[in-house]
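In what comes next, subunit A is part of two complexes: it sits with subunit B in the first one and with subunit C in the second one.
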Partner chain A sequence: MKATFPHLLHLDVALGILYPLLGIEIVPPPPITQKTIEIGVKLAPQNACFPLKVTLGNFIEGIEQGADTLFMAGGVGPCRFGYYGQIQRLILEDLGYDVQFVLIDHPRYGMKAFLDALRSMAGGKIASLRVIKAASLAWKVLRFTEDLEAQRRALRCQVEKKEDLDRIIDGAIERLRNIESVDDFSIIRKEAEEALASLVRRAHQEDLIKVGIVGEVYVAQETRINFNVERILGDLGVYVHNSVSTVEYVLHTLPLLRSREKLEAWEMARPYLKRFVGGEGIDSVGSAVRYAKKGFDGVVHLYPFTCMPEIVAKGILSTVSKDYNLPILHLAIDEHSGEAGLVTRVEAFVDVLERRKKRRSVTEVDVSWISS
Partner chain B sequence: MDLFLGVDVGSVTTKLVLMDKRKSILASCYLRTSGDPIHALKDGLRYIKKRLPEGGFIRGVGTTGSARHLAGVVVGADIIKNEITAHAVAAITRVPEVRTVFEIGGQDSKLIVIRDGIVEDFAMNTVCAAGTGSFLEHQAVRLNVPIEQFGELALQAHQGVRIAGRCTVFAESDMIHKQQLGFGKAEIIRGLCEALVRNFINNLATGKTIEDPIVFQGGVAANQGIVQAFVDFFRGEKQIIVPPEHGVMGAWGAAILAMEYVGERSAFQGFEVVERHFESRSFTCEDCPNSCEIVTLTEDNEVKALWGSRCGKWSPVTVKRKMGEAQEKKPIFESGEGSCPLSECRVHD
Partner chain C sequence: MNLKVGIPRGLLFYRFYHLWKTFLEELGLEVVVSPPTNKLIVQRGLTYGVEEICFPVKVFLGHVLSLKDRVDFLFVPRMVSFYKGEYNCPKILGLPDLVRNLFGVSPERLIDGEVNVREAGIRGWRRGFLELGKKWEKSEKKILRALEKAENAHRFYRKELKKGFFPENLIDQKPLYAPREKKVLLLGHTYLTSDSYINMNVVQKIHSLGYGVITQDMVEEQKVRDYLRFVRKPSFWTISNEIIGTALAYLVEKDPSVKGYIHMVSFECGPDSLVGELIERWIKRERDTVPYLRLEIDEHTGEAGLVTRLEAFVDMMEWRHAQRESNLSSSFAS
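Showing the complex of A and B:
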């Protein structure tokens, strides 16, 4: 069995550690490129959301590299994500690909199906200890890659040489791909942290413009399809924080492990949205409120064009924007999105925030939580 | 005398403004880009140069519009700003108490919310460009009415015909259908203006409170029919101001921004740039499946700027080498005479 899976930022690094440790041979899909997108767009229904198309492109490229088994997460609820796996399975069947499609649904939606999926993933037998060890290392790696990205967002506007920042972070992520033990991981983490600490920072950090990112889990994270909005903002001198993360996405399905941030965000969404609308609808509303309360200057809302939960959120966000006097830039992304238009809007948005900030001479912003 | 130059190279028109320290416009020009921004820009510079007052000295340059980066490299800009900010700055300068800006240009439209002299919020048409100047112009050609008379005709109509304005293509088919039903040109044009206004409001004003005074600017603001359609839309309850400089507000804004930002020495390349030869060339980088289109701007065969490289591997030096290679293998369509077979075709006049 040679398995492949879709990309989601650096998820491939963690899965590239997890599966081999479980004895599963994997073929990581090639990085998302224009070609991946073209393949997905050609094969997927026109009205499907963009993430379905890109992940379908990942599968095809993975199959071309020799994969015969595909892993895909499933789900239920108002968001179309639950159908992605099924639709992709049917598309691949129609195209005549002879591959096994393993759909991993959350245990909440049926323990037996979940266990069956796991069992088929590991080829029948799983030793518990081995699973726990592998999962814990993969989890550490995933958390660390996200931590590195969080640092990149926060530091990009502050460091003297942006190339150094990218070199340290990209280098560490590349090295993580080849680790074999927890010790290897610890060394890489230590070195990366030291290198980041040694970066020369600019003065005047207190008047930084702070922007929070909210939105759909895939588009808001995957820099290769959202035109790397975080980088555009960082290069314009903006401190960026992203409320969306894969770690959070996994944790939110496990009631006891939900993070403080998420619980806070859901609580703050309550006055606006009491009902689950699918996907990250509630998270987008709640996180925007949270950013407003934390003194952020603006919010960028990223979602796939036609995404239902995010369109619901978008409508509500206009009220949040009024209530908290918080500018929000909505960016819908799909294969027809143009970079020039996006850059113009982001630049104008940052101008708006700058001019507003200049106006507010007194800073009543609480920055203490940023480093946490 | 310190002067400032503002350049707005848009998709359809190119505007230049010469401004003095008191933010007064000394000269301005409004040209068609005609798909050749560099040519239009050179024409504009020649025009401005002739109107330079004695002792006048360009102290700062700002560029804006969709070709702002290109124009910025060619002219040598001190500041390159997006058109939303540039338009807002000009509107606030012209009408300090402005609360909303409507800007309809050739291919996009903007709604800018201003409170207490600063931009609070903005919207720019997303997903589709229905209801912009290019659409109106296209319909003017179809109706055989000069675009300049479009507004005048619209005002003559007693009533507008309801035209589906959500999408340009459907609006056009709906318009043809209404023509086939026997409606006159004036009614149709008025209907188009109303459709455009509805489209603008539906696309951009959702969730925003429109407060007056509204400053209406951009090329389309010259169209009396659209202005009237806006007045009608608000049932005459909102004050709409069309400044006389409405067509060059973006360029004016760029000049004002240049004045605010200019440093010790301006990056202005001088009016001599009109004598230089600029050329944009591109090639597809096949080093990875991203297949980035790398566009380079050369000035007298020297690479001045390049765009489009996602990974950042292309620099003026590496590109020069690559371009040298590319020149040896000329594509077939460049070598033949009368390169485009369609250039001989004529549309029925």
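Showing the complex of A and C:
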């Protein structure tokens, strides 16, 4: 069995450690490129959401690299994600590919199918010590890659040399691909953290513009399809925080293990959106409120064009924006999105935030002068 | 004078109108329904809606706008799920919140209780209506009695649909079309296939081209559900499942009077984008199959284009029919 799976930012690093340790040979799909997108767009239903198309492109490219087994997750709705696998399987069948489609889905669709899928994804035994050990290392690696990206967002606007920042983070992620044990991991983590701490920072960091990212889990994270909005913002001198994370996405079915940040966000969404509407709809609303309360200057809302939960969120975010006087930039991404247009919109948005910030600080000075 | 409750004529209206109306009237309220969709309603919906939201939701918002200042309460129940284990689409789940946030309707005026049978089944249904009714009636017993009457009205309505009536015949007393020998199966959300303004009178157009129309609401629910079991994983949206089950039933049973399938979808509809693909691929896999047409509708759809496509489709059905006849006769001759 040579297995492949779709990309989601650095998920391939974690899975690239997990599967060899479980004795499963994997063929990761090549990184997402324009070609991946073109393949997916050509084969997928026209009005399906963009992540379905890109992940289908991943599957085809993985098969071309020699994969004979595909790993995919399912779901029970109401967002379309839970149905991707069914559509993708049908498309691959019609194309005549002779591959095994391992779809891990809710036990509702058959306990045996669920356990079989789990078993083949875990390399035979589900609850052996080997599996637990491998899974815990992969989980650590996934968390760490997310930490690194969080640092990159926060530091990009602050460090003197952006190249050094990228070199340290990309280097650490590349090194993680080849680790075999927890010890290897600890060394890489320690070195990366020290290197990041020693980066020279610019003075005057108090008046940084702060922008939070909210949105759908795939588009808001996958820098290869969202034109690396975080980088564009960082290069414009903006401090960026992303509320979306794969770790949280996995944990959202286990409320006890979720971060305080997310639980707060769900609570804060309530006055606007009273219940879960699938996907990250409620997270987007809640995180935007949370950013407003934390004094962020603006929010960028990233989602696939026609994404159902995010469109509900978009309708509601207009009220959040009014109530908190918080500018929100909505960016719907699909195969028709162009980089130039997106960059222009982000630049204009940052421009607005800068002006607002200046105006606000002037008023603040005025007030203090009168009261003194 | 009685308090007025407004029901917007959109989305699940064509499914639950009789249920909702009877329920509210039994509680002593006066029910006001927005007028049939017209140009002004659509235009308002477009202006006040979110630009990317699907056309049916925009139309719904237009109906809300035409009602909201004429009534004491707006009735926008949160119909999370009306079939066990399934959902409605996220936009229907978030509908009351959209209405509240976009129009600033005060929580006291917006009746948005949650009806959810996904996990709790019939108990979730009752709990939902108790919540909806408690705004005007304290006694649970009375609310449940109103619900019982409403359910009877609903059952009667659904039964009438099975006999071949369209919602417009039963709600607006429009006359029935004369029956036709040849038919097409018209699949799609009832808010598209029944709203003759937004679907540009598609039923009448098909009829004038010589074909009768069967919709999924005319098929026995049990049958739809039975055929759904053929699918490895049914979808998790109730109406999509009804569309899939109906399509499969006709695909397998091959009713000889049905000469073609038309699936009417709205351009930005999430479930339709996937379900339509499934149905189209299944139909193409069938060896001896009838023509299929996907009709995409949104605010930009022109009537002339729709007519052209329908005419071409009818030509296709006639041609296919003639092919089959000639095949038969030649095989008999040999």
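We adopt the following convention: the second predicted complex is superposed on the first by the 346 of 372 C-alpha atoms of A that agree within 3 Å, B and C clash if a C-alpha of one lies under 4 Å from a C-alpha of the other, contacts with A are read in each partner's own complex, and residues count from 1 in each chain.
By definition in this document, contacts are C-beta pairs under 8 Å (C-beta built on N, C-alpha and C of every residue); 3 or more make two chains touch, one makes a residue touch a chain.
Note that this is a predicted model, so its numbers are computed, not measured.
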- Based on the superposed arrangement, let me know which partner A:305 touches: subunit B (first), subunit C (second), both, or neither? both
- Query: Which partner does A:86 contact after superposing on A: first (subunit B), second (subunit C), both, neither?
  - Reply: second
- Touch check for A:316: first (subunit B), second (subunit C), both, or neither? second
- Message: Quick check for you: in the superposed arrangement, does A:351 touch first (subunit B), second (subunit C), both or neither?
- Response: first
- Using the superposition on chain A described above, determine whether A:47 touches subunit B (first), subunit C (second), both, or neither. second
- Message: Applying the document's definition of touch, where does A:279 land relative to subunit B and subunit C: first, second, both, or neither?
- Response: second
- Task: Could you say whether A:112 touches subunit B, subunit C, both of them, or neither, answering first, second, both or neither?
- Result: neither
- Determine, under the contact definition given at the top, whether A:332 touches first (subunit B), second (subunit C), both, or neither. both
- Who wins on subunit A residues touched, subunit B or subunit C? C
- Shared subunit A contacts, counted only where both subunit B and subunit C touch the same residue: 305, 315, 318, 332
- Item | subunit C residues within the subunit A interface of the complex | 49-50, 52-53, 78, 80, 85-91, 93-94, 96-98, 101-102, 112, 114, 232-233, 235-237, 267-274, 276-278, 281, 285
- Item | In the complex, subunit A residues that touch subunit C | 45-49, 74, 76-80, 82-83, 86-87, 90-91, 94, 105, 108-109, 272-279, 281, 305-309, 311-312, 314-316, 318-319, 332
- In their shared complex, subunit A is touched by residues of subunit B numbered 66, 81-85, 108, 116, 118-122, 124, 126-127, 206-208, 288-292
- Message: Which stretch or stretches of subunit A touch subunit B in the complex?
- Response: 30, 33-36, 305, 315, 318, 321, 327, 332, 340-341, 344-345, 347-349, 351-352, 355-356, 359
